[in-house]
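Structure, as structure tokens:
As written, the chains take the letters A, B and C, and residue 1 is the first residue of each chain.
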């Protein structure tokens, strides 16, 4: 009893959790490890043929010792072709897990895509549900059609191989009929593309000889090697200085036009989103709470959380005496009750908020918000 | 817990919120809902996740229990010799003739023999050795000494290692240089020849019995501390650069408090792992030495000197019951210590989240 | 040794406090083996009484060099000039913001003037006293007046101490309150910093970044400091938590009349909290002045480009920025002349050879750039 007061998990509860996790993990691992997955299971049709990716009611859970973490809990949004979609939210809101689900890189066996689908249109027009795709087909898509730029340029390059070797490897792996010489040419071409003047020199150097910004450029070159349809940029500039960040953002924008691909930009920085994104998805505690075009979100933010986020960031040359702040903390996504997760931090709480988790309210064809405030207005 | 409801179901349904907790408008904060594991349970949980380390732990506990409690139930000790060997009566008949008359003379000798190298029986569960002592008793008493020596040596080793390593790591500069060079020297001394010399000196000075065991411990400690010192120094060097140590400095915390309240507790988990792994290796070294006749002298039993029986070829060939049990014990103990050590390392390592 | 010292005396301008300076200077030279000239290439002017009364902290020509290469006998021959000739003043109860990119020495500056690193040269006046030559014991005694909040709330809390132990440690060491009242005192402080009292027995790993930063703040404030160095206290935190922490720091400043040195790479945060701002590049201060002046009309080209590089959460204000080329040179091998000339959009010939003088212009606005009159 004493432990319960401390907020610690009691022995009995802990055992229950372990037992539950075991059955769940076994079930999903079995599903994945089947030898022949029938084609009809993973073939899908896009809701809108203009879209490149459609997340549809995606659930990705982590079965941990402290309980089931619903990292992504019913996320739906689209990534239209040739556009940048910014996913914004605080740490732990599930934005990274969403992108990892898209590449099926969620850390197994704890992390499992539990339900929902991610429909993806490949370069040759086929449409697959990525959550159910067999592993060998997935390998063809990830890296080649969807590639990822990580947050830490320091750790995502292997320190014992030269930049050239690591770049060549990507081409050799994904481009059919690539020879060593062609891979080399391709690598140097890519390095030039990402604005590295001394491409030959960088090709021969090792990761530790480069600065953070250069490394991030190399990472981008690596990601773009196969001309992907979709680039997932997971906090690409968080580890960089402002002046370097400006360079990298500029580069990303430029490359997107050049290669005609889409970008899924994950960040917590609203400034970066405002500069880069066409569409914005705001996430909170594993759920999407507001989506819309970048102008809709920044000019007319509707969810109290989005409003709070925008107000709580100090902006240069906009003086305020005291910053607005959202009280409380982000809840951890374990065992959340069925009411609006933002309720206890919200300033605009109404009586309706006592009810179930709010559904989406369509404000304009592109602008959706999950909040009771707008439900009542419309009715 | 909600989990109970759908633990049998394959695909999870949305957990209906717990009615009790879902008091609408209550002051309960969503971010405080999540419970965490207490520090002790976190460690235990990670330890018990590895089956091997649990097996190791159980084996070790059993070994200690049996070795220390087992002998209490027997009236024999490690040096009780079983004189109740098979009775041999030997009669020799000598016939001689005196003046044509025949005389017969019987020369009968009774020998009360030692029951040596007896096979396992109800009285001697593991038989007896070449001196007629009960093997089981010797293995149990031997276990007492072997396991105790291990513990004593490792504790002393660690103590010296922590003090010297801690000083070297914290103060750095020339202190570090001196201590580490000494450690280097210890690393390049060949142990075996030195041990041979030591034992020769001990033998020449007629150090015998229990005293010899103490000396053995000291020698083992003397050669063992260097590794621990190096480990502790490395840890402290890296801990010293952590921001929390800078924070302590900016707080003006005195040096002694910094070392003993902040640095050592952070090294402790690693030390425990090191000690557990060390226990295994000390038992091995002790056995090797005893086997070579350098360790614990003969009337006393250790696992190592029981195996010494192997020198006799017939024993090796026909009397597995004499050398097998201590051998298995050594193997079990060392393996278990290693498993437990590995388990502890995983348990204490905060990076091992899985 | 004696000969060398005599030489120095001849070449260097004679410092006012000659004898004292002579001894300490020579001692330090011997310890660090630094080229003599660099130590004496400025005129050391002690602050006036008035300045001492106004400012809690005055730093004159502070330098911190880390040896990067040593010769055979262990004498350093090459240095990383992490902090090179920085002077600043912080008035009582005010905040000085320090901005700069990574590797510009802002963190080293903070730690050096707290005495966490030994300074190479330079003078530090704290609370009216010259603390330049304080030894370890004297420094420990004034430590309770100057505290620090670190950037990484994960590594700056001792992992095997409970929250109460962490916050209470300074109280215990400096005997702020009697031993039996420590718990009440700490719990009071925890509540003030937005931590629930039941966390007293908990361990740091159970907390999120924002809460840990609150713990760090509580720890720093437990000893009633007058001056706190905040070393990127919010850069590891989420936006909504950032605002909470910034507000908390501001409230505490008003309550306790604290002076802050607020180090950050985030210009918007610095603008929000600071009364005056210093901009650092490669170990030296390039511009310093009141916040309004720095942000409304920056003088140095580096400050200008920094300001324009900050992303603004407004989708309509796009792409009218100066994007600096290249990356920051290594501080172990800085460029000659003006250190910024390799990336400067307004670089002139003179910048490549001659370092500009850091001097004050109108309205307390100092700058080091050849674009402005040097004398």
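Methods note: a residue touches a chain if its C-beta (ideal position, glycine included) is under 8 Å from a C-beta of that chain, and two chains touch if they have at least 3 such contacts.
In this text, all values refer to a predicted model and were calculated from it rather than measured experimentally.
Engineer: A-C or A-B: which has the larger count of contacting C-beta pairs?
Structural biologist: Comparing A-C with A-B, the pair joined by more C-beta contacts is A-C.
Engineer: Where the centre means the average of the CA atoms, what chain is farthest from chain A?
Structural biologist: Ranked by distance of C-alpha centres from chain A, the top chain is B.
Engineer: Could you tell me the distance, in whole angstrom, between the mean C-alpha positions of chain A and chain B?
Structural biologist: Each chain's C-alpha centroid was found; their separation is 51 Å.
Engineer: Could you give the separation in Å between the centres of chain A and chain C, each centre being the mean of its C-alpha atoms?
Structural biologist: Their C-alpha centroids are separated by 36 Å.
Engineer: Taking each residue of chain C in turn, which ones touch at least two of the other chains?
Structural biologist: Chain C, residues with two or more chain partners: not present.
Engineer: At least two other chains touched by the same residue of chain B: list those residues.
Structural biologist: 36, in rising order.
Engineer: Among the residues of chain A, pick out those that touch two or more other chains and give their numbers.
Structural biologist: 6-7, 329-330
Engineer: Quick check: in the complex, which residue numbers of chain A touch chain C?
Structural biologist: 6-7, 90-91, 211-214, 241-247, 249-250, 268-275, 277, 294-295, 298, 308-310, 312-317, 320, 322-327, 329-330
Engineer: Could you please specify the touching residues of chain C with respect to chain A in the complex?
Structural biologist: On the chain C side, the touching residues are 101-102, 198, 201-202, 208-211, 238-244, 246-247, 250, 265-269, 271-272, 295-296, 305-316, 318, 321, 323-325, 327-328.
Engineer: Which part of chain B faces chain A closely enough to touch in the complex?
Structural biologist: It is residues 1-4, 6-8, 10-12, 14-18, 21-22, 24-25, 28-38, 41, 45, 354 of chain B that touch chain A.
Engineer: Under the stated contact criterion, what part of chain A meets chain B in this complex?
Structural biologist: 3, 6-9, 11, 13-14, 16-17, 19-20, 23-24, 27, 61, 65-68, 110, 114-115, 328-332, 334-339, 341, 343-345, 354
Engineer: So in the complex, the part of chain B that touches chain C is made up of which residues?
Structural biologist: My answer: residues 36, 39, 242-244, 246-254, 257, 261-262, 265-266, 350.
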